[in-house]
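Chain IDs A, B, C, D and E follow the sequence of writing; residue 1 opens each chain.
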């Protein structure tokens, strides 16, 4: 785990990704300080283009887009992280249990996993979300968590299977460690990078999916989030009336968060899998080759 | 060949269904255009009958039977004669298959008989002066084509045989269909349009695109910032006219499960104060883009039924449906609604808490915005209101079952205020329709409504209505805010003769429930 | 072939389980379609018509298990019921007409993305650290991290509305009747470009990244090094030694992607008003059109199972190591 | 030795790191005479494989062969070869057997195909000719020629290793580099394979650069041995001498850590 | 002789189905006494590890019994299993893989002490850890806080031994404990094992394919081929005077720097190898006594 952190610090992708994500988190947390406007209140005339007063313009209802954007970040992040956490916890737990226990347990969990994998995810989500009706962000997070853990469970299981073969697990068994301890303290730290990748991937997925569900009108329209911003902008035909700021602002925010998280994810991947690493050494290598210091 | 391109309903794919009895999935161009009504009551012209298939009708003096006389020489589009038998057949069909009876006509009539080849007689269960208006809702279908249909409920009537102007389905694909001139149309000389074309348009954005680029001649849709987005593109030809339609109002449930809220809701002063707190113009302008028509009539007449309005009612009670924040606050203070527990929100005079949600369907954004404005307004005078956005179906079920505190609701537009009044204030309808959601009933009002149908005399009817609206305005069971717009855009570059604000000869909306749309069609002249 | 037999058993079980979920889900949904239809019709329909509507759609009551059995048997007879929204169109017809478009659009997009992504991933991995690699990997990251909603909306805005290069809806010019004419196909192609490109944009990145990672892991393998030592041409080593093996795990993600084809890229179809399955499902959900929702989920699950099965088979064909086993 | 087949001079190889470099091979020089078996011994990580890779120019980034290094094979400057010459040089001049036989055959190609790859690239022969040659080669390592249509996973580890050796022989290279070719195998199989290589070498006259960390085996198999310690060549000489009279302290220590079959330790 | 610590009584183990499976152990008999080491040698796949795992109760024998101090081990659960796990410890082949990269050396030892030495109070754990490390000649202060990857192979294997010994076992099973180590540190580990065996009166089951190290560590030896023990007895006697053809073959294949491949005498004939394999693979239950404490399966 410590290595992971050190690795993250050394990785340029990770730094950029982390900077982006932290920036968004910071902006979300500091939202009340960054705008004087109430994100839900009508604070200007409808569809005012960006100006000094409303730096990202106003929505059709005259709400300040910037205020909505940064308050919306709270929702998007909260859903993303909550769902990501849920997906990861469920997936990892099931994956490790299935992989480690094997036998019947594995059969049952694997069957469940494959089942969930086989049922198309987004449509299912849509259906469930509409069944729940007026799905608030946390409900969406819950639904996401309960329907999207399968992939994580599958990779974690695969990884667990290979870690399980390693002698230190055998050693712990021989030592008489209880099973839960083996899973929690021997296997878990060693599948941590997979868990990390799964987590960040799930966060991306959750953020995107939440926005999609809300964009499609299946969320709670009163919640301020990037998804509902898109939904409202689309409903107000923002693009057609030329209010590009209304729709592009949440678009760009989503893209930015997505990119930040993806960069982090790739970095974790690279750190977990040294082969994928490139970075500074290759640049140094090429410059040395070019300067004639050596050759292949 | 002149083709009129029309947007009538949003859809992702057209399904070939021209069953006129099917109100939900048949193509909306079925009624009127394929199945012409006997008579059209023109709401935009004092509800005068415009005779179509029928050339006249006569109501018996006891208001218990009515004779419709058909024009002579009527023909179905396949050339077969259209007779009183067909009319009788249609009503009998509806009787045999109750699923077809979308206006429950057989709860109102006792029987149909053919008096002669061109006359049908209906006998009513109760005397009513409004029989004709309901009877003409039932489409008349050809007996020869329908008698062998085993299950007319699931019949999709792909190649309709009709009586209206546009009966021939010249082309039908999932993305567009053309409905063309009936070769045997009785009123063919007035019909200058050869075909109507219905392109499939899925959502606002697409409709908008098609409207703005001039593809559509006749449209019915919401267009944001219409002046800028649409009219400005071609001021000479692109026009719109948003006349008032169904009335939108806030309602408090008099039978709310929350006893504390109920106390306030049942207090007239509270209702009056809340009503005064509502910034109706703001709702119209911001939530409605300025398209709805302001409604500040506590007697619910408004612009739509202004012919029926008793001016003295607005003089006496108008202020209770007009925005005045200060007056609202003062009235609340006076009635004892002050903040007792120091949370900044007003409480009941006895100190119990008032806090309620206003329910609004989740996907109806303009209403949601309206409610949000209302909540801001209420908060401004210290009333603790929140918004709740259940699914549309849940909203409507809650209104019907009475499981809510406050809501935004609408009352249908009709030929006269009689209909909304009947819908909203008939106690027997409680728990059956969402129009009685407020659960406010008044024996006098109900009696007046009953009397209204028992006379065919307009002055008497007006008098009845005057009395009823005074009671309603006095009690303010509904807090009207505006009338929804009757969506209507038209393009004069290919056709002229449209019903316009300046020449409002008929309701121009092309939606399914507007019979008068046929009149608009028949008035069109192609631009040479 | 024990392996395949086991899989088939799994698929059957999965299908029945999915079908069961499918059956119970809509029954948990608040608000029935009739009530919804009635309320959406707003003030237009008189309250009396509610009764007529209920009669029309004849929602069968009766013991749940009976309904369930009827449902199960109907699945196997291919009778998925009648759409409520498009009454009385059978669900199979409705799905049938959408199916073609979706398979055409999303199927093509998936295959193009798979081919393109795998190719880019292969080249990027082969030229590790080169400028090409940097460009490819970074753009892949970008492409995968931008939500499809965003991509579609922006594409629609820029190329559809602003520049007007492409139509903003439909699968073909409504003026043309489907036929085997050049004009028709040209129109289909013209209408498909924007959604297709957006979809490819969204999908390619994922394939690229998977392929690149697989490749890089494989490039260190002894047999790849040995292939180089053998003096084989770079092309041959890259394609036949590294990529061929790296592709194997990617095939399973292709399966998932292909399986979701029938879900359509819902968002893309909705944004571009493409008359595919995704759009149909979306509308069905909005209209609470249970039979369509059920039918669609079923069809999608079946598609997923079938494509998984095909992948299983192709695995056995592609990887000789699996042939012997079982 | 001017008539050396392979001559390595001042070979210095770095693995480039993000900040600092790791010197894996430091100024190593040695020669391999025609027909000779030269052994590179030393502990894990001392740079043996790095040298082996350099000899067939298989390195990729981040390995860097520092300037001043020189590798000559039959007089040709190996480090100066361009891409085309390199492709031709590989396998025809220097063939290589890798550490693990399990992984050095492409699992999805038939054995035949993997032979054909080499033969077609280098000799441009037809499938028919390639098949004949394959059969010949397989017979050489005691594998029935019919099995050329099998996939690698259908062979045991020892057989796969022999197949790799057969592929090595296909072009009659001058030098065969063997990087721990038998580590994964048990002693009996190992013995069989090395004996076979020894015979082939006698028949065909190629030289062998043999890498292992098993000194005992090395002395048995090699003519001359170089002992490496963290990138440097600390001692070089005929195997007899390395065994009987080791000069360098490190070599002595190595011998001292070998238990003997006869009891006690070797050294 | 007194009761052995660990005894295999006609133990067989078949993986997979009875008919088509792999017979990894066939009627294996041996006994391990305290203070002595028994080496099991044989080429890879001969079933050595399988035997070790059966001794560790990881696998249950298909037939036959594994006895600990005369008592059957089969069916041990809970407390019984815990005491057994304490009494029988194992050292793995790969010193890197057998330590969890996520934990420090101190953690590994602490866990063992916690599990098997309830007598040590928490406060004394650190001291006990240091003591264990010092016992295997590692500098506790330096090694304890480190992570496995920060240690050399030899050090790691010492940690493994320390960990195994921390449980105060009576039997130590070592499965190829030096095969992954560099030659130079190999001997140190072997010496350590020898010392511990003597100092703690351990019974050491030493598994290897390297006969030379077997001789270095063990008093007794058993040569396995294809799941059978083909020859067993006193280590010196078996190695100096092999009777079974397979033992002979194995000994002749062991690299011996003293004779070169080029010597025709030292060559082994591939045909003969096949023949030996065929003989050794046959089921055989008849035992021939070749000397005092030296037995061989009849051929």
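Definition applied: contacts are C-beta pairs under 8 Å (C-beta built on N, C-alpha and C of every residue); 3 or more make two chains touch, one makes a residue touch a chain.
All values derive from a computational prediction rather than experimental measurement.
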Graph separation of subunit B and subunit C (steps between touching chains): 1
Comparison of A-E and A-D (more C-beta pairs in contact): A-E
Remotest chain, subunit C as reference, centres from CA atoms: E
Rounded Å distance, subunit B centre to subunit D centre (Cα mean): 90
Averaged-CA centre spacing for the pair subunit B and subunit A, given as whole angstrom: 47
Distance from the mean Cα position of subunit E to that of subunit C, given in whole angstrom: 55
Inter-chain centre distance, subunit A versus subunit C - centres from mean C-alpha coordinates, in Å: 22
For subunit C, residues contacting two or more additional chains: 30-31, 128-129, 161, 286, 288
Two or more partner chains touched - positions in subunit B: 205, 209, 363, 390-391, 394
Sites on subunit D at which at least two other chains make contact: 60-61
Complete list of chain pairs which touch one another: A-B, A-C, A-D, A-E, B-C, C-D, D-E
Interface residues, subunit A side, partner subunit B - complex: 40-42, 46-47, 60-62, 130, 133-134, 217, 220-222, 232, 234-237, 239-241
Contact footprint of subunit D on subunit E as seen in their complex: 43-45, 182-188, 190, 209, 211-213, 215-216, 236, 239, 249-262, 266-268, 270, 273
List of subunit D residues in touch with subunit E within their complex: 43-44, 142, 185-192, 194-195, 198, 213-217, 219-221, 239, 243, 253-254, 256-261, 263-266
Residues on subunit C engaged by subunit B in the complex (per definition of touch): 30-33, 35-49, 51-53, 55-56, 82-89, 94, 97-98, 161, 168-172, 174-175, 177-178, 273, 275, 279-280, 283, 286, 288
Subunit D residues within the subunit C interface of the complex: 56, 58, 60-61, 86-92, 94-96, 98-100, 103-110, 117-118, 121-122, 151, 153-154, 164, 167
